[in-house]
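One chain, chain A, links the two complexes that follow: it is found with chain B in the first and with chain C in the second.
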Partner chain A sequence: MTDRRPRGLPARLPVLWPAAMLLLFFVVPFGIMLAVSFFHQVEGGFYEPGFELANYARFLDPFFGRALLFSLWISVLAAVIVIAVAFPFTYCLTRLRRSAQVPFLVFVLAVLSLSEVIIGFAWSTLLSRTAGLSNLVAWASLIPRAQAWTPSFGALLMGLCYLGFPYTVLILYPPLSRLDPEIPEASRTLGASPLRTFFLVIVPVLRGPLLGALIMVFVFNLGAYLLPQVLGRPQHWTLSVHITDQAVFQSNLPFAAAMAIFLMLFSLAFIGLTMVLGGRQEAAR
Partner chain B sequence: MSGLRIDHVGKTFGMFEALTDIDLDFPSGRFICLLGPSGCGKTTLLRVIAGLETPTTGRILLDGADITGMPAHRRGLGVVFQSLALFPHLSVGENIAYSLRIRGADLATRRRKAEELLALVHLPGVADRPISQLSGGQRQRVAIARALALDPRLFLLDEPLSALDAKLREAMQVELKLLQQRLGISTIVVTHDQREALTMADIVVVMDHARVQQVGPPLEIYRNPVNAFVADFIGTSNLLPGVADGQGLSIDGIQVAGARPHGLARGSKAAISIRPEEVVVHPAGEQGPNRLPAEVTFVRDLGASVEIMLACAGRELLAVTSPRERPDVRVGDRVVLELPPAACVVLPS
Partner chain C sequence: MSRLLRNLFMGLVVLFMALPLLVVAGVSLNGGQQLRFPPRDPSPRWYAELFTAEDWLNALANSLIIATSSAALALAVAFPLAWFVWRYRTGYGRLLYGLGIAPFTLPPVITALGFLVFWTVAGWHGSILATIVSHAIFFVTLPLVTISLGLAAIDRQVIEVAITMGADEPTVFRTVVLPLVRPYLISGYAFAFVLSLNEYIVAYMVAGFTVETLPIKIFNSLRYGYTPVMAVVAVVFVLLAALIFGLIARFGDLPRLLGAWSKE
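Coming up: the complex of A and B.
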């Protein structure tokens, strides 16, 4: 028998191509950023090569520690809220007839096409005192007079949730569509109400996709840097905003690079922890 | 009144009529098979009984109580689904004890009941295994055990054996029947396999085009089908078209006597239905009543039986005989077919 498998470059292309892309667009920039994070910042200038831990030592400053903790907290909170809203939404959507699903999916995709800038300024207007929703609420006599709801923590949280919602629906839609409809029906015939069926069967069966969506929205929120500036106060600025501030406005690239690496390590640790806990629960079964 | 009453039930999905005026009465403790081709409405009827669909018209009464509007989770019926629908995130034992967990039973009770049911379905010692480690036949048994955990008043199974290979399916048919007899539980099985229905059922309900075509014991339906659809769907049947006359039917001017249904007017178009094993093949020239000339087109020796294909009155006929009674015929031979009057059923066209 003759071995007709391709040899040489064609055979190695499936490995080489992604490896080259990864090297070019991830490993090299990451290496540069890692190197810059140890460089020396020149006062009033740019930076010069060197090796010092001063940029990392600045994390001991409570200001940046607070910014990091706040970034993690609001990213997790928004991710949990988005999943809690988007999962039942998507489940109900997939139970509809295919033709009835289309308008909802088109709407979700339309929201997805909006940029963070448009979403940020739209919510900023909607939550403002002069042209915002509070005028409607005041008109309905639910509050005495119109008031500004932005900038605030609530406004920022709402903006992040709005941004993550369509992505979450699109991630959860395929596994929920594939869910055998007889599984929830079996639960019902065994005595569980629709609500208990949802929590005892549907949620655990789809734990993997749920965990994936949670991690995706968390990482997505962690990277948001425009919404905190438009909808939040300075104390609501996330680490991404501070990184931009240091890199663009303070011209302190070494410190911005150190913060970016720190943020990446923290988010990787969080993702790892989530996956380990998820895997442990799976093994416990 | 004990048993299940399906009182003039109808079900439509938009413009599509899935069930039309289904009126059935089943006494307790019987094994019933809903039999029919795909899309005939049998699964919809089972789902209406289970409470997974609401009928558009009519009522469902169980032991005299109207359960038409009762949600599925309050009916207390055991259901085995076509896909089995076992919960992949739970172990075998947890699947079986799921209904007990819903009712708040403690862990020890759940464990004991799961072991009991696993022993009942001949699958002991697998309670802690994940579902993914079981074979198709084992999953089948777990699904049955799970549905029985509630001690249901009615046991419903939707094409439960369709995913199994032929040998295992035959074994499970017998096992399911024995289990039902041992427990004495009223059981309704949906199937499109007439052999499965004849093996297991006390009562067969033949359905087609959203309607019940015939209800009765399997042999009764096999021997006396009420129309051409039932005759053709249950087993293999020879249908010979003709015109109704005083004794039975006239086929190509030859009188063939047979049981004629009431109300079939003389001169109207009809057909004779006769089972292949009832057709007797004689050499050409043989005289007697209920005989038709034919020509042998194919002979197949299957070991346990011999099948003879024949061309008769413009139709293809099948005769089945045992090797011992095999007539000495070859392809192309002209023969005479005897259609015993007692085996001939006249059906309206």
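Coming up: the complex of A and C.
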């Protein structure tokens, strides 16, 4: 039992089943998708096997460029806002007694698990004319009458921040809860105020995990596919929405596959970057 | 002063997070078929609608079937893999582990499209079995991570003592490993279950037009006109998730499960 290498087939038997499942249902689908991205699209929603770069060439269209730029812009913006709120929030959370943290964690997990559909619906209700916040503002006579605040860029940004917040808290929770409590204590003993301690000690100490979290949230935001449809206008559609749209409604699977491959490589590059950053952080210790 | 500031800040953030849920809860109590807040002629009739109207009941049943079975399948794939990676040090073990983590880190639409083309080629597109298998693979990350955490927490000396006393590998697994990781198996299942219940894009791309789950049904209803039943589903899902995660916290160590150090 102390040997760390499996000997013979019986020892390897347990890993065969998960290996088969992951290869058949995860690697093979990706292989087929990669192949389809080179296929030829014919009129009427069909495609035939082939090898052409036409689907990738469409990336040069202004249509694709606009969608890509908009996706990047709103994902970065939402990620920065979310980190700016979630980092101090998670820091405060981890300074609480462990038993006091639990209700917050349950709440964060419950919101995290919520379907994007439900979040979209909830925000569109909250920003609507009949049930929304604008009633409150109108009642306080700040605006003449209640109005609909959705669909709009602001509504979409708000929804994305809401979607990303619990995810960010959970990414930041491990590094922040493992932070040595003596570090802020030392800073306080030396006379720094809590705010100074936070910005001049905690943030620099944790800049590695912070940057990693920023990238992870950015990639997470790129994956939003329902909020842009519920809270945004058609010009606010992100790449994820266009992939779904091409695959299901335009019946152009090859182009959808090409966009998905692009999005995957793009995300992998960023995730790889966080790993490199994380590795350097480990090495520095 | 600083404590007051901290509580104020945390309270404001929680309020912001709770705001849409509170409005949705209010909207779900409207007497008529309208979304008003505060609700008019409050009545719980739309709650009855979810559990009696055939189309909503059907979507609820689909969601529950998919969530219970896909979480079980995810667990069945994740457990042997997590055990193997913990027990042996091999390159292919680590590679497979990375493969199990991947679906959760990539934008979901990519995996969903992969499933779409795969099931179309395999001829199972539109079948509930395809949705179950897809969800199991998509969410395999969750039990994989929780079980690995549980295994890592086992003191290796306990295992060595068992071997010294003459236990063979199956006995060690049955009498030492299994009881110690059981809470992590349960929480892994619970995470996969709750997330499968809420999942939209994979279910939609694999069988969206034939197997309608609750999230798909809500989105379809969003297009054709709002009804308070959608708010009811949202309320039920929030409560269900809070209940399940509350139970995990009650019987397990939630902070440790989410990455804090073990209690000293």
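The working rule: the second predicted complex is superposed on the first by the 240 of 285 C-alpha atoms of A that agree within 3 Å, B and C clash if a C-alpha of one lies under 4 Å from a C-alpha of the other, contacts with A are read in each partner's own complex, and residues count from 1 in each chain.
The rule is short, and it goes like this: a residue touches a chain if its C-beta (ideal position, glycine included) is under 8 Å from a C-beta of that chain, and two chains touch if they have at least 3 such contacts.
Everything numeric in this text was worked out from a predicted model, so none of it was measured.
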item	value
Chain A residues touched - chain C or chain B, whichever exceeds	C
Chain B versus chain C as contact partner of A:V205, first or second or both or neither	first
First (chain B), second (chain C), both or neither touched by A:T90	neither
First (chain B), second (chain C), both or neither touched by A:A256	second
First, second, both or neither for A:S134, with chain B first and chain C second	neither
Which superposed partner A:T189 touches (first chain B, second chain C, both, neither)	first
First (chain B), second (chain C), both or neither touched by A:F25	second
Those residues of chain A which chain B touches in one complex and chain C touches in the other	193-194
Residue ranges of chain B in contact with chain A within the complex	50-52, 71-79, 81-83, 85-91, 98-99, 102-103, 130, 146-147, 149-150
Chain A-touching residues of chain C, taken from the complex the two chains share	2, 5-6, 9-10, 13-14, 16-21, 23-24, 26-27, 34-37, 76-78, 80-81, 83-84, 88-90, 92-93, 96, 99-100, 102-103, 105-118, 121, 133-134, 136-137, 140, 159-160, 163, 169, 172, 194-195, 197-201, 204-205, 208, 215, 218-219, 222, 230-231, 233-234, 237-238, 241-242, 245-246, 249, 254-255, 258-261, 263
Sites on chain A touched by chain C in the complex	1-2, 4-6, 11, 14-15, 17-19, 21-22, 25-30, 32-33, 36, 85, 88-89, 92-95, 98, 101-102, 104-107, 109-111, 113-126, 128, 130-132, 135, 162, 165-166, 170, 173-174, 177-178, 193-194, 216, 219-220, 222-223, 225-226, 230, 240, 243-244, 247-248, 253, 256-257, 260, 263-264, 267-268, 271
Of all residues in chain A, those that touch chain B in their complex	180, 182-183, 185-194, 196, 200-201, 204-205, 207, 285
